[in-house]
Amino acid sequence: MSTVLAALNRGLHAAFEQDQRVYLIGEDLLDPYGGAFKVSQGLSTKYPDRVWTSPVSEAALAGVAAGMALRGLRPVVEIMFGDFSTLIADQLINSIAKFGAMYGGDVAVPLVVRTPMGGRRGYGPTHSQTLEKLYLGVPGLRVLAAHALSDPGELLRRAILEDDGPVFFVENKLLYLRPLAAELQDFEIEQHTPPGAYAATHTLRLKGAPSAALTLTAYGYMAELAREAQLRLAFEHEIFCELVVPGQLAPLLPGGELDGALAASLEKSRRLLAVEEGSYTLGWGAEVLARAAQAFPGGLKAASRLAAPDAPIPASRPLEEAALPGVEHILAAVQKMV
Amino acid sequence: MPPMPDQAGLYRQMYRIRRFEQTVLDAFPKGVFYGTTHTYIGQEANATGVLAHLGADDIVFSNHRCHGHFIAYGGDLRALFAELMGKATGVCGGLGGSQHLHWRNFYSNGVLGSTAPVAVGSALAEKAKDSQALAVIFLGDGALGEGVVYESLNIAALWGAPVLFVVENNHIAQTTPIELALAGDIPARFAAFGIPCSRLDSSDALEIHAAAEAEFAALRATPGPRALVLDTQRFGPHSKGDDTRDEALMARIRQQRDPLRLLAPRLADTQRETIEAEVEAEVAAAFAQAEADPFPEAAA
Amino acid sequence: MSTVLAALNRGLHAAFEQDQRVYLIGEDLLDPYGGAFKVSQGLSTKYPDRVWTSPVSEAALAGVAAGMALRGLRPVVEIMFGDFSTLIADQLINSIAKFGAMYGGDVAVPLVVRTPMGGRRGYGPTHSQTLEKLYLGVPGLRVLAAHALSDPGELLRRAILEDDGPVFFVENKLLYLRPLAAELQDFEIEQHTPPGAYAATHTLRLKGAPSAALTLTAYGYMAELAREAQLRLAFEHEIFCELVVPGQLAPLLPGGELDGALAASLEKSRRLLAVEEGSYTLGWGAEVLARAAQAFPGGLKAASRLAAPDAPIPASRPLEEAALPGVEHILAAVQKMV
Amino acid sequence: MPPMPDQAGLYRQMYRIRRFEQTVLDAFPKGVFYGTTHTYIGQEANATGVLAHLGADDIVFSNHRCHGHFIAYGGDLRALFAELMGKATGVCGGLGGSQHLHWRNFYSNGVLGSTAPVAVGSALAEKAKDSQALAVIFLGDGALGEGVVYESLNIAALWGAPVLFVVENNHIAQTTPIELALAGDIPARFAAFGIPCSRLDSSDALEIHAAAEAEFAALRATPGPRALVLDTQRFGPHSKGDDTRDEALMARIRQQRDPLRLLAPRLADTQRETIEAEVEAEVAAAFAQAEADPFPEAAA
């Protein structure tokens, strides 16, 4: 069975094969290593001229990719750990995402920054963060999050080949070894692609379940844990939830409008729990809840967020496990809400 | 032997920059312009001498002090005036303003040093496409404070980017004299990354033209980055009315280092006067047109 | 009458005078210039050994300050434009804000990063942004926003001298020349200092006004515009609002709890409009609305946000004016909500 | 004449590091440790030779490969084992893990290069306080890719920070050989910022001890930054089992560049054996204690 890692690797290979303008730059990319998390494996062997392994210079990598994109190539940048995306913040915010609009609209910057995020491996405070929330409100930047419900390699391939703007592509580390679209036979899945997006939002319902008492929303690896929670809530507690999993985290709909899939689910359930691995304050869930509050001025019966506490992620296993939201945390939170 | 540079052309270009910038400084207090500006007066020979060698497909990256670079690149005066006024006809439709220009292969940005990797990437892209185009990037002495510049030098050298780093060392960054901002030595900073660097202390457009000619020739002959440090002088304020330097010293500098004054004796008086009159008219017309141009309309 | 600029300058002078451990580092600090916005004027003359004007090296400045703070000094860093705070994102997020907790708690990093934010001066896309939203969710970092309702110099002085953790201190550019606490005679002002904070939240009511139909919340310069809107709404439209102005933007109360002053106001008004100059998505207002939604599960009658669109800030005056929320925008938004 | 270094002491310290790291690599697959690790095997002479000169108040900044630095600084073996296990008794109570250590004046961080300005700031603080303490920062060749390092060199030179930059050039960064990552020349990079730099290609603790002695003496005599480049070899994987280098080459390197092997002949056999036995016991005891230590409890 294929894993998310294999799918991403296939997506990269497909992009390289289909378009000569695709280049990869980043640290430790050469085979046999193929990047610290192996997503880039095989590319340097097959396309030695288009894979440029680099010094440890994240900011310049992003800027170099910007220059390549301005001049008609379609570069992919691998940032070894998402924690180091802080080093490209200026290039991302003040160059890459701005060029399109600030130069009056006749410039395109088609590039993809790929990076692993997330903890649960004991890597400690500077190698475990889920920092994409920093980039969700950056005008001009699309943020996509791989998940295991459909092929993330295909999403990556489209981001590289079909998107004429910059994309920040998030890959949770624990997601890499997850099997792709596994154990979905119990679920009814609805796909809905928001206007202007090419990543579908997936809505998961347990087959034959009564109408949902609560809407869970989560992305990336957290969607896997939420799905597990969804099953256990049904079987162990007879609480039925819908799970809404976006693939595109930003931009959201203009004017503060709520995503259609989420709105449809909330219309029925009237209870919302947003779950994310990043830290609480101004996390992704804040925007989700704010939009839900705007969309349902009459109010929901309950609206809540589950996230990591606003603190560095400890290296120690029991501390890290307690800090990062897991299935048990979701079960507890949902039970409090219904 | 390379052909003699077109002295009249160089003079005209420098005079266009000078008159453009003076018009900006004069009109700013009247509220015609909006936002900020950083004028190029005193440094005209740099952009003019360097960009005279630019091929049609070559790329220019510029900084906050970009008007002179833009004009020497061939940019339109009216569009530049209009951009500074925030008009719809501006270089970027009024979106960018003084520091953020893009036209053809010309790009400027207001975040110091941030353009360095972008320039290197653009050069690498052209190399990858086998287009023979190369990139020129202008950096001030102050921008050498930014770390990303050194990351970019390293990568440019490792990956053989066809890029010319032009450092315009006017010995000051905003109000900070170079002695307080730069330890060691500028050419040594390039050499440390294996990048050949030459240096010229001159405001003479002919000398700068010749030095740049050698750099372009070397760059076209052998791939890989090169650097040219031009020691120069900023005559005006950093932006507007914010010059903290000694006025007597500045007067002497303006006397000794004026690129126009240095080139003028090489032209016949009548030729020079014709050029000046033509440029005056051109600049005045561009300004008037830009003033008459409409503002963009905000989307509802 | 004193201005915010003068007050901030006085606050810095007071901090320098009261504690020898206070240092200032940044670009173009020396007199007569005294920093690009003059907030630091006079310090280099009076304390030449403790004001270090620097190369253009924002990241290193932040890191150097971190080192100074670790070793017992109380450095202040001036970042010339808040737009360049992107260059210190790594130092802020992965060093400065983390050291305290990640080293097990026995390390303090008492430093203040001061920086002007905001547009309305035609400086264009890289010199006009309101980027503090990037830092509101950074664990370990306090974010304060100067406003004109009480003395921001005193707030700055306390941040420098009394806070043992790192502070990101935001100063809106248009606020500098605003008179301090002017024209407040029409208002009844209540001050409330949230637990763990030293910056008060101010609640403004028009004297003698009937109970509020809506709660406005805004910070910094936006609070000035909101106050003007509050007056005009009362006098021109007979719509009465309360205005809640926090001085501390982060951290917020633990557990997602809503600030007490805001909760008290909403308890009565049941309508919320959060106004900010930063761009919409995941702006400060998202967290405010999310917390309000959590605090009032029954729902508010209306909840909305006013912010800049998710786009670079244009240099052109009419475009910039249309983009950044002004008094007219607030009037229109409130009228739609009541 | 400076006193002869304590050869037995150097050997003991290096042996402690070696045995600590071997224990980590051996036990990791058994699940005793959690997270990541970067061992110092092969480079023991650097930390040991350099930090032998540290004064009580001097400050050390270290990187991801910090165990050897920490031990040579005087850090406790049990606390370090415990930190790698995530135990409450760890150096940072299990919060930091392998890469994030702090004890007394020792600080490490896992973001390459990010420590450079912090080290410079700490040195400047000590200078401002007139404490006479100085800072030492260890950087790998790979970290020289980060721009903030150059910003820091510039500021250190301008502001006269009493800091010693020690570059441990093991010719590799993770899997990337230095030829693919570093253009130009390491000492030239320091010289370009006006920072005196010496270089030594050795794994002999006595030679390194002597070179560092000269640096510390110069640093204490004259304020201002200095640099020492130590060409060295990493014997083990980057982290765990991720070595892509040629095995035959590595075997030769381990043969020729082993700091323990190089120093051993200088000690009497019995003395050496006593040291080794004592260290074995010490390391085993520290490991056992750490294993028995409790995990921290998560706050509810």
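For clarity, chains are labelled A, B, C and D in written order, and residue numbers in each chain start from 1.
Methods note: a residue touches a chain if its C-beta (ideal position, glycine included) is under 8 Å from a C-beta of that chain, and two chains touch if they have at least 3 such contacts.
Bear in mind the structure is a predicted one, so any value in this text is a computation, not a measurement.
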As a test of understanding: of all chains, whose mean C-alpha position lies farthest from that of chain B? D
When centres are defined as mean Cα positions, the distance from chain C to chain D in whole Å is 42
Separation of mean Cα positions, chain D and chain A [Å, integer]: 37
Provide the C-alpha centroid distance between chain B and chain D, rounded to the nearest whole angstrom. 46
Geometric centre distance via CA averages, chain C-chain A, whole Å: 30
Residues of chain A that touch two or more other chains: which are they? 54-55, 57, 59-60, 83-84, 87, 90, 94, 101-102, 124-126, 312
Among all residues of chain B, those touching at least two other chains are 93, 95-96, 100, 109, 111, 145-148, 151, 154, 158, 180-182
Would you identify the shape of the chain contact graph, picking one of line, ring, star, complete or other? complete
With touch defined as at the start, can you tell me which chain A residues reach chain B in the complex? 23, 49-50, 52, 54-55, 57, 59-73, 75, 90-91, 94-95, 99, 101-107
Over in the complex, which chain D residues touch chain C? Could you list them? 59, 90-93, 95-96, 100-102, 107, 109, 111, 114-126, 128-129, 135, 147-148, 151-152, 154-155, 158-159
Residues on chain A engaged by chain D in the complex (per definition of touch): 27-28, 30, 32-33, 36, 53-60, 83-84, 87, 121-127, 312, 314-319, 321-323
Per the touch rule above, chain C residues touching chain A in the complex are 83-84, 86-87, 89-90, 92-94, 98, 101-102, 124-126, 131, 133-134, 136-137, 139-140, 250-252, 254, 256, 278-290, 292-294, 296-305, 309-312
In the complex, chain D touches chain B at residues 145-151, 153-154, 157-158, 180-185, 188-189, 191-195
